[in-house]
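Next, two complexes with chain A in common: one pairs it with chain B, the other with chain C.
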Partner chain A sequence: MADLQLKKVFKRYGKVETIHGVDLDIRHGEFIVFVGPSGCGKSTLLRMIAGLEEVSEGDVFIGGKDVTTTQPSKRGIAMVFQSYALYPHMSVKENMSFGLEVTGESKDVIEERVAEAARILKLEPLLDRKPRQLSGGQRQRVAIGRTIVRKPEVFLFDEPLSNLDAELRVQMRIEISRLHEQLGNTMIYVTHDQVEAMTMADRIVVLRDGNIEQVGTPMELYHSPCNQFVAGFIGSPKMNFLPVSVTSVVGQTVSVRLPDSQEITLNVEHGELAVGDSMTLGIRPEHFLHGESADITLQIKGDVIERLGGTTYVYGELDGQTLIIEADGEKDIVRGELMDFSFHLNRCHLFDKDGIACKQLAVEAAAA
Partner chain B sequence: MFELRSWQARLGFGCLLLLIAFFLFFPVYWALISAFKGNSELYQLNPTLFPGEIHFGHFITALTEGNLLLQLKNSLLTSTSSALLNAALASLAGYSFAKFEYPGKKSLMLLILSAQMFPFGVLLISIYPMLQTADLLDTKLGLTISYIVFALPVSTYMMYSYFKQLPNELIEAAKVDGASNFRIFYRIVLPISFPAFITVTLYAFMWSWNDLLYSMTLITSETNRTVGPGLLLQYINENNADWGGAMAASFIAASPVILVFALLQKQFIGGVTSGAVK
Partner chain C sequence: MVSTQNTDKHTTGRRRSLKAGDRRFALMILIPAMTAFLIMVFYPFMDAMSMAFYQFTIYDLEPIFIGFSNFQSILTNPYVLESWVTTAIFVVGTTALTMCVGLAWALLMYQNFFGRSVFRTLTLLPWILPSTVSAFIWAWMLNGKYGIVNALLLGSGVVDENIQFLSDDLGAMMAIILTRTWISIPLFMSFFLAGLQGLDFQQIEAARLDGASNWVVVRRIILPHLRPVFLVTAALGMIGNLQQFDIIYALTGGGPIRSTTVLSIEVYTQAFQNWDLGMASAIGVLWVFTLMPLVVYYLRSLFKED
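Here is the complex of A and B:
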């Protein structure tokens, strides 16, 4: 059983602290994605799990064993690096067998494991080639093959697809997901691409400034982000945020005024709130409907129209606030024209002045 | 890079290159034709640009009389061993400086590099009594060590620069694979740093092969003498100046370096220019 726990893990470089006491529980066989903006500490955390970065404080457990000070090779992990890190002077076969040679496996075992990995990753015809003779996608497969042969308990991926072009990235994304299905091992995957996170993860760990913001399934994060940062990070295009002010608070019923002076009332869990407080209303671009069919209607003038075929993105303004709206690609949308877009109140997210989400309980009223 | 747009500019540039090439190669050409001239033609009042008659006498004399072959053997032994040892030490030191963190690393590197700041004549003054104390004066081992002392700082820096640009991920991947630091060094780092290793080896080899001062001072016996002082003492001395013999012997002496350089020039250029462009 290769479950993994991080207990109050800190990372400090001299006086600078980059990871601030992270706690995380990963179950055996899970596909976990660490996601967050550049510099949030996701790669550092992965490298600490791998043993490539010293843990300043706290403990790392893999399969129930404390591996905080254990050598990388003794942790039962294997890692795929962003730059593939293939040994350039060795053939594909030598690259894949190097780790097994080091641990003193017999030739028969090495042959068997390399053949098996090559079969899984369709690398058989490439075994005698050098890395420079391979395409980006093939190199990536070799890098994954190198990890498979070692039969690790936990696979670690450090932004493995970021050097590939868009098409290949989608292809490799599917291949890695398939591999996870096939092998059933615990996998931890670092990316800054939230599409990769959403499509591959069993659970996503959203990081910011060395802290975990939220851990949850992709749909949990999408539907119930715990704060404005997560709400903005998960989903593409990102969630629209409108500044609103509280006009009344009666128990859990909060009324807020939109920038265009419309008032909406929502039933939310909240902390201390007073009339006049500033809050933020979040609406995802894909939750807008063209026309007046939903609870609240906004009049938007589209400054920029991006047509992608199936969908059209409308970039407009509402009293100085930029909004992105995802509309049906077939709709006739004209740049510069004032259009009605509406949304249902149960699709809204309300955040207090600290950016903490106020969870919706039920919608009580529509537009005033 | 600048461009030469007009034919006049290209012609001017070509002439300049020819002039530089003339200054570089004319002495070599002169030495070569002198080696093939007979003594009468060599010492005549109006020198000739082409030998009137090709004469191999100087080469035969150089190879059959005197100790040229022994001196060549001594030079080959001291230069090769010092070059290889120097490259091995420089690789280890350069790797340590480039890829490990430890207290005093910068100061230590500065200290090693500072050895290069002293003229090698000055270094010789301190090396001499040290070799004397170790009873290594007039030995090939002593000469080899002294060559390493001189070549090591620059070689270390060259290897350091090369290793510095190697991606850390390669080393980390090998670590995750379970390789020890030493295995990572000889199985991963060294093979991919072959051009730099060759460059450093050639640099040390050429320096040792062309040395005159150290060998002249540290070696006193005829049996341990290397080719540089050997040529000087045999052909150009106060009683005698056999220019034809000196030139022929010089060409024989230079041929191993030319041969090694010709064989490894691709790696040498690769090593010198690596890291210059991404």
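Here is the complex of A and C:
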């Protein structure tokens, strides 16, 4: 069983603290994705799990064993690096067998495991080639093969697809997901690409400035982000945010005024809200409807229209606030024309002045 | 289709004339450098080499053409052949030692530790010092009566009496090898350090995750990565050591009893002590031919990189 726990883990470089006491429980066989913007500490956290970075404070447990001070090679982990880190002077086969050779495995075991990994990753015809003779995708497969042969309990991936072109990235994404299905090991994957996170993860860990913002399944994060940062980070294109002000608070029923002076009323969990407080209303681009009626309708002039075929993105403004709207590609949308876009209130997200989500309980009222 | 062909022809023609123009311009800007090279380097070199075919000693008023006689003398002169062997020992010993210590030092300087940049700067000190000054420092350190090396060896009980480093065959050879190595370490370290900085550090991390020990990382990852640097550094080091004169002359003057008389010292002795310029030139030719394969190898590897 390769479950993994981080308990109050800190990382400090001199006086600078980059990881601020992270707690995390990862179950055996889970595919966990660490996601966040550059500099949020996701790679540092992964390297601390690997043992490549010292843990300044706190504990790391793998399979119930405290490995905080254990050598990287003794932790039962294997890692795929962003640069692939293949040894350029060795052939594919030598690259894959290196780890087994240095730990003194017999030749038969090495042959058998390399052959098995090569079969799984379709590397058989490439075994005698040097890394420079391989394409980016093939190199990535070799890097994965090098980890498979060691039969680790936990696989770590540090932005492994960021050097690949868009098409290959999609292909490799699918291959890694298949591999997880096939091997059933615990995998921790670091990326800054939320699409990779959404498509591959069993659970996503969203990080910001060395703190975990939220942990949850992709759909939990999509539907119930705990704050404005997570709401903006998960989903593509990004969620629209409109500044609103509170006009009335009666128990859990809160009314807010939109920039175009319309008023909406939502039933939300909240702390202390008062009339006049500034809040933020979030609505995802794909939750706007065009040519259909819903609870609220906004009149928006499309300044820029991006046609992708099946989908059209409309960039417009609502009282100085830029909005992006995802519309059906077949709909007749004309640039510069004032159009009606509507949305249902149950699709809205309300955030208080600190950016904390006020969870919706039920929608009771529509536009005033 | 036709028009495309015409355009191609036109473009090719224009490109050809441009190339010719470029070549003319390149030749023009080369003229000053070429002239300086021909006057200052090539002519004196060829003049000195041609002297190998003449007898020209202090007793001769004019050089006398004697063909290959000087070369025949070299083949039968045990001193010259002995110098060639001494040169080989000095060059191989110094280059090998400098490469080992330079690599070890570079590996040390590659590590992340407090004060690394200060250490790296201090390492360059022997390189900055004039080589004769370094030679005298080492002569003093290896002094048979008052030298610090003898003091340390005596103090630690390694030896019972002072070693006369510079008046002993083996000691003198060791002294010139040590001094030259000490001076060359900064340069070699810089080459290796530059090579190490081109190594993807994630390869070392991957090896660590695989369970590789320090020795395995050096042997299987770092050394293969540094192979091209090794070859070029070895060639450069050997060329530099083959040309070595000042340190040896300042430390031992080629002695004791010719035990450190390398080809450069031999040429100097023949030319300016024995006043046999013809023989000195012939030894110079032998010296150039010894250097040539290394120079060719070095230049080839440079052009290959281009």
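A few notes on this one:
The rule is simple: the second predicted complex is superposed on the first by the 367 of 368 C-alpha atoms of A that agree within 3 Å, B and C clash if a C-alpha of one lies under 4 Å from a C-alpha of the other, contacts with A are read in each partner's own complex, and residues count from 1 in each chain.
Methods note: contacts are C-beta pairs under 8 Å (C-beta built on N, C-alpha and C of every residue); 3 or more make two chains touch, one makes a residue touch a chain.
None of these values were measured; they are calculated from a predicted model.
Look at chain A after the overlay: chain B and chain C clash there.
With both structures placed on the common chain, the touch criterion links A:Ala50 to chain B and to chain C. Residue contacts after overlaying the shared chain place A:Ala78 against chain B and chain C alike. Applying the stated contact rule after C-alpha superposition, one finds that A:Phe10 touches neither chain B nor chain C. Of the two partner chains placed by the overlay, neither chain B nor chain C lies in contact with A:Tyr315.
Shared contact residues on chain A (touching chain B in one structure, chain C in the other): 50-52, 72-74, 77-79, 81-83, 85-89, 98-99, 102-103, 146, 150.
Interface residues of chain C facing chain A in the complex, by the touch rule stated above, are 200, 202-203, 205-213, 216, 220-221, 224-225, 227.
By the touch criterion stated above, chain A contacts chain B in their complex at residues 50-52, 71-74, 77-79, 81-83, 85-89, 98-99, 102-103, 146, 150. On chain B, the positions that touch chain A within their shared complex are 167, 169-170, 172-179, 183, 187-188, 191-192. Residues 50-52, 72-74, 77-79, 81-83, 85-89, 98-99, 102-103, 146, 150 of chain A are the ones that touch chain C when the two sit in their complex.
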